[in-house]
Amino acid sequence: MEINGVEIEDTFAEAFGIKVSRVLVTAATKKLAKIAATEATGYGTSVIGCPAEAGIDCYVPPEETPDGRPGYIIMICNPSKKSLDHELLERIGMGILTAPTTAVFDALDDEDEKLNIGFKLKFFGDGYEKELEIDGRKIHSIPIMSGDFLIESEFGIKDGVAGGNFFIMGDSQASALLAAQAAVDAIAAVEGTVTPFPGGVVASGSKVGSNKYKFLNASTNEKMCVTLKDEVEDTQIPENVNGVYEIVIDGVDEEAVREAMKEGIKAACTVPGIIKISAGNYGGNLGAYKIKLHDLF
Amino acid sequence: MEINGVEIEDTFAEAFGIKVSRVLVTAATKKLAKIAATEATGYGTSVIGCPAEAGIDCYVPPEETPDGRPGYIIMICNPSKKSLDHELLERIGMGILTAPTTAVFDALDDEDEKLNIGFKLKFFGDGYEKELEIDGRKIHSIPIMSGDFLIESEFGIKDGVAGGNFFIMGDSQASALLAAQAAVDAIAAVEGTVTPFPGGVVASGSKVGSNKYKFLNASTNEKMCVTLKDEVEDTQIPENVNGVYEIVIDGVDEEAVREAMKEGIKAACTVPGIIKISAGNYGGNLGAYKIKLHDLF
Amino acid sequence: MEINGVEIEDTFAEAFGIKVSRVLVTAATKKLAKIAATEATGYGTSVIGCPAEAGIDCYVPPEETPDGRPGYIIMICNPSKKSLDHELLERIGMGILTAPTTAVFDALDDEDEKLNIGFKLKFFGDGYEKELEIDGRKIHSIPIMSGDFLIESEFGIKDGVAGGNFFIMGDSQASALLAAQAAVDAIAAVEGTVTPFPGGVVASGSKVGSNKYKFLNASTNEKMCVTLKDEVEDTQIPENVNGVYEIVIDGVDEEAVREAMKEGIKAACTVPGIIKISAGNYGGNLGAYKIKLHDLF
Amino acid sequence: MEINGVEIEDTFAEAFGIKVSRVLVTAATKKLAKIAATEATGYGTSVIGCPAEAGIDCYVPPEETPDGRPGYIIMICNPSKKSLDHELLERIGMGILTAPTTAVFDALDDEDEKLNIGFKLKFFGDGYEKELEIDGRKIHSIPIMSGDFLIESEFGIKDGVAGGNFFIMGDSQASALLAAQAAVDAIAAVEGTVTPFPGGVVASGSKVGSNKYKFLNASTNEKMCVTLKDEVEDTQIPENVNGVYEIVIDGVDEEAVREAMKEGIKAACTVPGIIKISAGNYGGNLGAYKIKLHDLF
């Protein structure tokens, strides 16, 4: 199968279950909302080493938000409900409540259950907090130094999908990187998904465990390393490929992740020098979801 | 005391000891370095609720970095050496190693000791890692999907200063915010310091403990809340003040923090509508450093 | 009339006819498209002194553009058809053709006529240019150093509206500025409009002619200057107003400009410290359009 | 000659005389200064088709500016003194005076003469303008809607150098582009120079005149077009080169331009996949300056 002359390998991405939340951060301006959204979603690429997987889903213009101000929807994800509760509380409490002019609303549809994050945060008001209703939502108003911080009382969480992915192989490192950036731009328009790695792009792929160092849970996937293609016997890097980047996607459900993979791959294939698109899996035994690349189109 | 017509209160900022690291992140372009630096320093406003305090210190142009590429120096701080070791490993491993085209070098002068972060990360190479020397530094080269990731073997840490601070009180919320942004811009030029809160600005101040909710370690500082100035008896908000923002500074030493406070306050006082500059302390009994505002000028 | 406690003055904005074009600039990534769009729309605040009025209308994600790449729609406007033809040719030729990875498509609906900008630019190919069809459009492919530049053959122009406007009066300069930025964010979501001034905001208002210097066509509108409110007898600045910014809007038609004014005013009124919204007119004798503020809501 | 394995061709860049100005734009924040600087330098890539060549030289932190606020130094250039006078007046008057919170100061050393731009602009104040002294400079204070706009009375101009340049040839379009961006980042640190094209990068090269269309002054340089390398007999594109970008530099003098070329080339050569660096000239008969690449190192 080819798209725009680029080979789409007949393989599948193996994805996993994860609990997801979706939070709308509004502020006086788009820029101020972005600052808070960025702080709250940082240090959140993969739960292998970060306390959460997190990213910015989409921008929402003023006329579509509950308080008529510009906002960004962020997603914060963790396999454990207890950990997700903790991360929501701290990332909102430390990264958004502390940011100028912000307010926070639940933005998840079809939640499985609700966590009372806003209820917990209201105690920071030390008795001066108040309860409001905005847009039919129960809101806590907490006085802070610069004004009042508004937060919805409860935030939905649901079973979503983590680790949707594809690999972009280019004739140069820069070709693969430019295509990866194009893919991230395309995925940004797919609601209900985030690309949690830095700038949305993964520069390093890993395998489970390690051949040489038995104390490691994960190590570099040497078969996918371009600088090892002449050294590793069973390399998966074609001779004319000199750069590989991966896109990893978390989403509210499998459909959103599939849509993101589709749009991302199409966009990557518009960049000159892309040789092949592949995907990462563990033989299909670890993850709950197997997304075949050829079925996307 | 007045600067540009703004009252500088005769008070002091109370600051604390913290262990600091200073890490140079380079990449193919300034933009790519910024992406990695931002991811690695996110979710890092205050160790009250975040796993570290972290921020971007300064930009370093290509001709001044060990590998001739543009870079940003970030600071990652934690009161505990063990926690700082963990945070350096994970923030670099998950937020920078995974980011396109990056390399990482130690950028701390006068360290108290070294942590072998690069040595630990090299095992990710699963035996394919190599050792290099760049600019007289011992470097590990770790093959990853997109190329080779370079990291210095050891990173210095030292006893620094956290919680340098001042309050900006304005005739409107927006005046105080604009002045806070001006202050952050000024502090950005003071090497060896970061302003770890979102966009460098703190919208919420807290006091130790809570009057009403005994289970809380910290709660809103009601005496500094503008919307409570007519409700709280012993408010510290002057009648004509309608917005307050705080700047919090972490630095490699007291001198750097003092310089940052001085430049930040001067910049804040250039903005029309600023009424008063104050600072936060706990009576002087908690922190190791007492920085009097009047002594800065 | 009040919105969110802010007085909406019973006055009208006086707007003018102008010829508008609407051009889609795509590139390999969103960022690269933004660079070209910014260069091509610079030095374009007002035809009082600039060769065109120009700005970025909106972002278009990859799946909605003719070439499947991210893009920005820009608008370039001039009262004279001949001048608009010149500006389109030069701003595209010097600012977009010269920018990495770009392509250019017509994005105007209901045009009055077409200008053959792409046809003219193709001669730059010196005989090596080719003709293609993309998405049913006639496209010229021009070989340039870095690859092939694609441009649609013809670009529509139509009679649009320039100078839709409103004034935002705040209790401080910073309040008015923050509200102006909020207004610009809201207007950005109204398709078919641009705010051509720097960052979308006008810091200076002018009146026709000058009282003191007869050789001037335009001079400061002293009645609207906050620093002159105690000096100019017939000032229009209320006592409690210390900052005024204006938003100026160009649009494809009156309806788009009205929608932009409405959303912009609503957004401005969400910011604390805004006292009053007004609008600029010349008594109704100069412009073809009179847009009453009260009629917008 | 090779740098980091990249061939540096034994050729020279041919550069031209141009009159340059250097203007410091300060504002309340770095971001606001950037907005004004960007507007005033837009539509300014080359005087072949733009009314000026213009760009941002460098950022100046608050403690180093005359008014203690953050600022950007921009350069505006034109071969004709009369045109430069016009461009300074309009780009400052329409793009900076109209931008929120700005002030403008002369930032040129060793000027040949002064243009009274500030003196001319003061008449906009219609008699309400005042004269101040700041940092030993003669300043006009002009009341505008949002406050007072400050501008230095006179701005220096001098004979500078335009069209310093080099070509970056990469194994892919993306490699060349990434290296071009790296070069622009490096040149940004060389004071007294700008890269006036979009994002600092030129995607299209031109030759004087046209072979096929006699009415053209300039047309595509087919010998340097990668997509024509198999079609044009005397192509200068090596077989393994698939992308070429040019960097064009304007500077206050030849020394600054040479330094920019040197740092830019060194930075470009850090990017994997760069094959060769060349430069553009017209045989040495047109321009006043011949800068040999090999002499730079």
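All chains are identified by letter, namely A, B, C and D, in their written order; residue positions are counted from 1 within each chain.
Simple rule for what comes next: a contact is a pair of C-beta atoms (placed from the backbone, for glycine too) under 8 Å apart; a residue touches a chain by one contact, two chains touch by 3 or more.
Quick caveat, the model's predicted, so the values are computed rather than measured.
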Chain copies touching (subunit A, subunit B) - same or different residues, decided at half shared: same
Over-half contact-pair match to C-D, picked out of the listed pairs B-C, A-B or A-D: A-B
Of all other chains, the one whose Cα centre sits farthest from subunit A: D
Separation of mean Cα positions, subunit D and subunit A [Å, integer]: 38
Mean-CA-position distance for subunit B and subunit A (Å): 25
For subunit A paired with subunit C, centre-to-centre distance based on mean C-alpha positions, whole Å: 34
Multi-partner residues of subunit B (each touching 2 or more other chains): 28, 31, 147, 173-174, 177-178, 271-272
Residues of subunit A touching subunit B in the complex: 28, 32, 35-36, 38-46, 48-51, 89-91, 93-102, 123-128, 142-149, 167, 173-174, 176-177, 180, 197-199, 201-206, 210-213, 216, 218-222, 224-228, 231-232, 243-246
Contact set on subunit A toward subunit D in their complex: 31, 170-175, 177-179, 242, 271-273
Touching residues (chain side subunit B, partner subunit D) in the complex: 28-31, 61-63, 67-70, 147, 178, 181-182, 185-186, 188-189, 263, 266-267, 270-272
